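Sharing a structure, written as C-alpha cells. Questions coming.
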C-alpha cells in the first residue's frame, strides 16, 4: 500500500530508516574517519606514555586496544539521535505508526555499520603497532565485532536519554560507561586468553550473550527514553 | 444530526513543573472542518498541537478520535494523522526524493508517487539536489509535499505557510480545501490569513493561566 | 482488605504521606539512635579482637551495613522510579529523588571505610578486590542517575529519565557484579575475601547484625526526611503547606 | 567484657585506632549530613512559604486605604 520509493532498496520502515541513516552518514564521509583517527592516535599515546618496549606493549595490547575501541565507540554514540532531534525527524519517528523500538534498532544498526565495524576492521593495525602476538588477532576481531555492536546498543540508551540536553556528550559517557564495563571485561579477557594460548571460545560466548541481551533490552529502553526526551 | 466528530478534546490541560500553561481546552473537529488555533507567541499553540499529534502528553483531559479514547487507538490514530511542525523533519544531507522515500515508508501513502508529489509543490527538477542547497521556502515545500501523498485524515500543521511565496499559498489553500471537501479535518496555526470557507477558530488565550 | 488498599492509596498522596510519616518519625529516630549507639559500643568496645587483623576489623561494623544499604538503596530508587513511570505517581518520583543522594552517600561511606580498612590489612588504601570494584561501579551508577537528574530543565522529564536510567542500571547490576567477580577470580586466585561474614565469630556477628538493623532504620529515617523535604518543595504553593505554619 | 585496659588503649587499639576512628568519624559526618540537609531544606521552604504568605497579605489590602509603612 505504501508507494514504491525511487531506490528499490527494499521497502518497509526498518530498511527505509536503515538506508536513510547510511546515506546521511556516507554524505558526511569526513566525519566517519573521526573515530578511526581517534583510535589510531590514542594507540600512539600508549608507547609514548608507557614504554616503546615491545615486551611491555605485548602485555598491555589486548586490554589497551579494547579500552581504546570502547572510547572511540563512546565518542561516536552522541551523534546517534542528535541530528534527527535538531531537524525534527526524530519527532516524526516518535509519532509514526511504526513501533519506535524497531526504528531505533534500524538506526543503531546503521550507526554500528559506520562506526563499530570500521573500528573492528582497523584494530589489527593497532595490534601490529602495540606488538599484539599473532594468536590474538582473530579473537581480537571476533570480540570487537560483537563487542562494538553491544556497545552501540547500550550507548543508544544513553544517547536517547541525553539527546535533549545541551552539551549532553559528557553526561552520556558518565551514564553509559558503567554499563560498558562487563562488555570490556569479557572482550579484553577473550583476546588475552587467545594470546596466552588458551581457547577463548567460552569468553566469546559470554560476550555474544551480552550482545544478545542488549539487543533485547536496549531498543525498548531507548524508545522509552526518546519519548521522555521529547517531553523535556 | 451533524456527523460524529473526527477529533474531540475535553478539558485538555498542560503544565510544566507545576506551572500551568493552559487548562480546560475543549474542541470538536467535524469532518470537512478546519480549526485554526489563534494566540500570541508563547501562549502554547505549538504545545497544544504537539499534544494532539501524540508527541506530548497532556497533564489532564481526554482526547477522543472518532469517538474512541485516543489512548486505546494510538497506532491507528498515528497512521491516520500527519503532523508538520516548525522543524519540518527534512534531512538536509539528503535530497527531496530520498527524504520522501523514508517518509512514505514510515507513514501510509495514498498512491501518489514521489516525483508527482514533488512536481505538485513546484520542486520539479530538484528531486535529487541535496536539501542543504535549497532555500527555506523550498525546504518547506519538501515537507508539504507529504500532504499530497498522505493517506491521513487529520492534518496537524504548525504554521505551514511560513516562507512560502504568494502563489505557493494559493496552491496550498486549494490543496487544503480539497482535503476538507473529502470529509477530512485540519488543525493548524498560521500567521497568514487563510482563504478557507469551513474555517473555525480556537482562541487559546481564553484557556491560559 | 479495603482498608489496606485505602491506607496504601492515602499513603500515595503527598499530603497524607507527609502527615502519616510525621507520626512515625519520632519512633524511627529513637530506634535508629538506640540501635546505632548499642551496635557501635558493642562492636568497638566489647567484641573480641580478630586473631589475624587485630582491631582494624572493627571497621566491618560500618563497612558491611553501608555496603548492604547502598545496593538495597539502588533497588529502592529503581522501584520508586518504576512506580512513577508506570502509574505516574508524583510521590514515588519524590521518593526516587530522595533515594539517589542517600544511596550515593552510603556507597561513598562503604568505599571510604573499605579503603581505610585495606591500609592495615593489605598495606594499601586501594585494592582492586572484586567487591570493592563492584561497589565503585555502583557508585558510578548512582552518579549517573544524579547527573541526569540535574541535567534536565523540566522536573518531570528529569524524573522520568532518571527512572529509566535507574531501571537500566538495576538490570545491569547483577551482570556487573558477576562479571567483576569472574574477572577478579581470573586474575587473582584465592586471597583474603574482605568480609567472610559467614565464617565470622558469633561474638562479632551479633554486633554486626545490630548495626545492619541500625543502618536499615537510618536509611528509612533519612529517606522519609528527604522525601518530606521534596514534598514541601513541590507543594509549596498549595494551601496545606501554607497552613503548616501560617495558621 | 570490655576489651581494652584503659581509655588510651581504647584510642590506640594497638596501632589500628586511627583507621577505625577515622572511618567511624567519616560515617558519622555523612550520616548526620544525610539527616540534617532535609530538615534545613524543609525549614527553608516553610520560611519562604511564610514570607510569601505575609507578602500576599500586605498587597491584599485595598488600594484606597492610606499606605501604612511596611510591617
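General observations
Just so it is clear, A, B, C and D label the chains in written order, and each chain counts residues from 1 on its own.
Just so we're on the same page, a residue touches a chain if its C-beta (ideal position, glycine included) is under 8 Å from a C-beta of that chain, and two chains touch if they have at least 3 such contacts.
Here the structure is a predicted model, which means the values were calculated and not measured.
When each chain is reduced to the average of its Cα atoms, B sits farthest from chain D. Among the pairs C-D and B-C, the greater number of C-beta contacts is found at C-D. Computed centre separation for the pair chain C/chain D is 20 angstrom, with centres defined by C-alpha atoms. Here the spacing of chain A and chain D, counted between their Cα centres, is 46 Å. If each chain is reduced to the centroid of its CA atoms, chain A and chain B end up 36 Å from each other. Across the assembly, chain C contributes residues 154, 156 that each touch 2 or more other chains.
Not a single residue position of chain B touches two or more of the other chains.
Counting partner chains per residue, chain A shows two or more touched chains at residues 231.
You'll find the chains touch as A-B, A-C, B-C, C-D.
Chain C makes touch with chain D in their complex at residues 40, 44-49, 54-56, 58-59, 62-63, 66, 98, 101-102, 105-106, 108-109, 112-113, 116-117, 119-120, 218, 221-222, 225-226, 228-229, 232-233, 236, 241-242, 244-246. Residues 137, 140-141, 143-144, 147-148, 151-154, 156-158, 160-161, 164-165, 167-169, 171-172, 175-176, 179-180, 182-183, 186 of chain C are the ones that touch chain A when the two sit in their complex. Those residues of chain A whose C-beta lies close enough to touch chain C in the complex are 157, 161-162, 164-165, 168, 171, 174-175, 177-179, 181-182, 185-186, 189, 210, 213, 217, 221, 224-225, 228-229, 231-232.
The touching residues of chain B, when paired with chain A in their complex, are 50, 53-57, 75-76, 78-79, 81, 83, 85-94, 97-98, 100-109, 111-115, 127, 130, 149, 151. Contact residues on chain C toward chain B in their complex (touch as defined above): 154-156, 234, 237.
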